[in-house]
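Look at the two complexes coming up: subunit A is in both, with subunit B in one and subunit C in the other.
Entry: the complex of A and B
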């Protein structure tokens, strides 16, 4: 209850961000806003051929040029934001929720359950991520729910490993022993004792995993196995217009910039998080 | 020097764990490929898939036998080097794979030779002069490369070296390779793109590992004692950072076997990863299984090797 009442704004808690972190946060919020209000601000319908020229240059009419069919790139990037950020966000939340929950359970239960789960997920981690995604998508076809689940499955083991390592440390602390001695149940120990103490690093980890997922999703789309036409995320936009590369067309450059701006700014933001958030358990 | 018996026991233990993991992995690979939708016999027969023909082919291919029995015979074949027959080309999987594997290993080898020395040197130097312009430059560059999708690095390389500068061919294969110069030109683009991607990871992790050891009290002691900065890092800190560095290098290199699918696609390079993706689309189970095993084996081998280096380099892990 108290959490809802006292909004933990950075300033109130005495956390301060440096300029790099602020720029990162600003770019993230910018893309989040675009993803939400996209359909209302796109200058043209993203699927309509509006330019008579293909790979058109930047002009006052088409701010970011036009693509291989003469569609407006700015509108397509704005619509692509929803696919890229939406899919990646859903996948990263699924991966981290599953990984953190399993990691905490493994750390508290310990013993053969822990060993077996860790070994299994480690082995699973040995399969290259992109390849795993390609195989699944090639086998069962590509749709947005499948993409989300596949991406989540790829990054669950890493999240598990990270959360387990943190939870093992917290698990040995006195207050957890006290909670046990008090007779608190399994659920209470995991959710009320351990989880709040690993939350900060877990959130930082979630941000980094988000970057990886955006990259893998773009890679899948670039290979033609991600978001399917006529819809397109940023990776698919690069793929569609790759022929324009030798012409130096803005149609291939701007989607690339969009991907890079999002991933670099998330990295910048996470790297410059106040250490109080990042290393809370240490 | 006698490394005590416990060291070798530990090393043996790591090998044992690796073998057990390999067994679990092979189990997982086998049953995961079994789960792929689509009946192999039906796909192979295509238009001619009458129920009788499908049943006949299933019996002929041994698909009727219980899965666990097929798993054991597949494992037995694997152990003796018999990878089975490809369903699609009717060729031995071993023959199909060997050429591709050589290509992949050659590319991986060249990239390793280029990357590892450069990445280690840069990582250690960045840690040694932490906060200097070199460190900042390296940090910015590595973060940018890590944050950018691989196909962007590859297409950027094409744009710069093939389109603008016109130094190198855009596609690496299909070009006749006659001389050493031709070979260098053919490999240059994939090697450049991969080197960027792989060394960025390595540099970051090496830097972090060295900085972590520099922050320990005993290294500070060395500094107080009057050791120079170079000596402090190279003689005092580095031996203890060797384990984590080996781990970082192993992780990055494992990427070179299976993770290069995008680079293989962009440059049309015939490696194992592409073979596997093609195999999935044709439901060629023996081929998929063998490829997956190659990736897992290379990953496990590298990780185990890194673990052993850590054990041999750090006496504290041997107690």
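Entry: the complex of A and C
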């Protein structure tokens, strides 16, 4: 047995993915890399009008054509990656961290605190997401921090509901009762006893919520309320170039493909998380 | 009738585990059942008894498959039939009574509709005739109001009645063979007797053959003609009930019988401490919304007792008698609203949060199901290290050494500490559960049915361990159980509880002779004995049963 010589690869540690998961992960990592190294690989400055023609076709000079002002679409998508993934990631982490924490607190404290918080967030959840975004951005004006906070606020109640439902079930388990009988404090019960047992589903939920946020952000940008010109995220790129659709311009197709590839691959990845992560509680 | 009704030859059933490994569950089992004979399949969990019983119907649970051998039931070669042919056979040729009748009935449909379903599926008889037959079966199974009970919904009858109704469901198609899968395991002892009696009487009358799957030798002794002892998917011994009970040949059968024989508990001789470790005075507790300091649902009513240091107290009673609530009230998980708790002569606050860390340390509670009592996301080391850090402030190498020492105390190898609870067997988990309580260095351990979910042999080993630990560590146990032989094996005193009240306190050794209260006598008399004639010879006052069993 060459047990000592084995490398601890993910598969040997029990974290192996199937093919759909691997493809998803590869696409996610690709976009993450683009977001990080974007400014160094973009062929043209994203704000400069470099083509004499507008809605130019794909060519060796402009790989993905040019937009309504003759700017290079490839460079603009590379730049947009930072906005789309960055804003969505920040918003989803805020929404899930807040929702999960509040959900676990509500499940453990129970009583009137739980009732009050749940009803308040339910009422908040009743407001349509896009409408809420429109009102806030219209009232306060659009900036990146405001976009992040608004998107997080939209998705926090759902995350709260999800985490609370899971935590309520774990909270009634005997090991939590044992911890309580031992005299453990609130923090220990929430973070050590409950959180590890709801982590799998919460991660899956986080992925799903990320996808929704990318779509809503694109929607807001499409309506002109997202990232403001001259900068643009992928949704804004679609909006800017929507007139090009009738001209068959690639300028509107490629940002759409970028949105689709990211959201679909995130879904593929979270649906095929290794069972070791997904079913920790089983 | 020289040809057996059922013959199973060299049956092999395999399954695929999650990691894709092939495992053999049943490794070449052969046995016969004559017409009208009841054969019991007995063995511990994982021995393959239910798998064999289901395979008689040609059914293998998801992930399992019949790999070899033949099963013949009547004229049918089950292993050679198509699924459609098997479906036609089920219900009329053979039928199945599941363990949990509550889960087998559809809660949204009336009982009668479900009982006569087999006759409708197989187009055996018109509806009126089927209902008349069902009513006759209800009468034969000694169900109350046989003419109207069919109009009720499943939640409107008791657990024991539902189990008999599921037998009626199985019997309506006049099968030649009925498979009983642990039908009384989930029932209280007094209810179990009624159900066994009802089964016995219909089986005797109908000359049907039966397969009775159980882990309880005493129950099987009452109903089976022959017993097949299984372990790890292999037949260990097969023989007539009398022979198995009185002249077992195989060492494993002897082990099963030994585990059944209660070893009388010898109290430790120690100089009596002046103060009892626990005194409970007029304790009242309950659940629900508090109004005027009294909860909506009162469970415990004026419970009082004393537990001397180094002694063990058993609490017995049927489900719903408040045994577990008592343990929770003492541990402070459910604060008592009235009454006093004295630990070593000092007043103990009813509410957990008002107790000092040291008071919490001295009283530990161990729960029945080690599956839910151990955090599935933490390793054994993390689970055991937490009370060490919490109560004793241990860190680093000292803590690790203590974890290994604790595992050694509960007779587990030290390298198990790296595993997750899901990677341990049921008995091992219960030992870890116990080790966590020991980590606190308690004086009193509240054991809530800790052996009830375990196999007989494993449970006996846990009891031995408890006794040994008591000798070494001067512990006191409060031992809650519905199993009287377990209580007899470990306790000095026994409290009999009924509907939240203590009806009697008895010395454990003389439980069966000294019991004076009619309910204690009923409860103690209902424990099945390892004697084939016990059920027939049992005389019980029906009025007494009606009064106390709450039916």
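Just so it is clear, the second predicted complex is superposed on the first by the 263 of 282 C-alpha atoms of A that agree within 3 Å, B and C clash if a C-alpha of one lies under 4 Å from a C-alpha of the other, contacts with A are read in each partner's own complex, and residues count from 1 in each chain.
To be clear about the criterion, a contact is a pair of C-beta atoms (placed from the backbone, for glycine too) under 8 Å apart; a residue touches a chain by one contact, two chains touch by 3 or more.
A quick note: this is a predicted structure, and the numbers were derived from the prediction, not measured.
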{"item": "Partner chain in contact with A:135 - subunit B first, subunit C second, else both or neither", "value": "first"}
{"item": "First (subunit B), second (subunit C), both or neither touched by A:183", "value": "second"}
{"item": "Which superposed partner A:123 touches (first subunit B, second subunit C, both, neither)", "value": "first"}
{"item": "First, second, both or neither for A:175, with subunit B first and subunit C second", "value": "second"}
{"item": "Residue contacts on subunit A - larger count, subunit B or subunit C", "value": "B"}
{"item": "Parts of subunit A lying in touch with subunit C, wherever the complex brings them together", "value": "173-175, 177-184, 192-193, 196-197, 199, 275, 280-282"}
{"item": "Subunit A residues touching subunit B - in the complex, by the definition given at the top", "value": "119-120, 122-124, 126-131, 134-135, 138-140, 211, 215, 218-219, 222-223, 235, 238, 242, 245-246, 252, 256, 259-260, 263-264, 266-268, 271"}
{"item": "Touching residues on subunit B, where the partner in the complex is subunit A", "value": "20-21, 24-25, 28, 36-38, 143-144, 146-152, 155, 158-159, 163, 254-255, 257-259, 261-262, 265, 273, 276-277, 280-281, 288, 292, 295-296, 299-300, 303"}
{"item": "Subunit A-facing residues of subunit C, complex", "value": "18, 331-333, 352, 355, 357, 360, 364-365, 367, 369, 372-378, 386-387, 390-391, 422, 436, 440"}
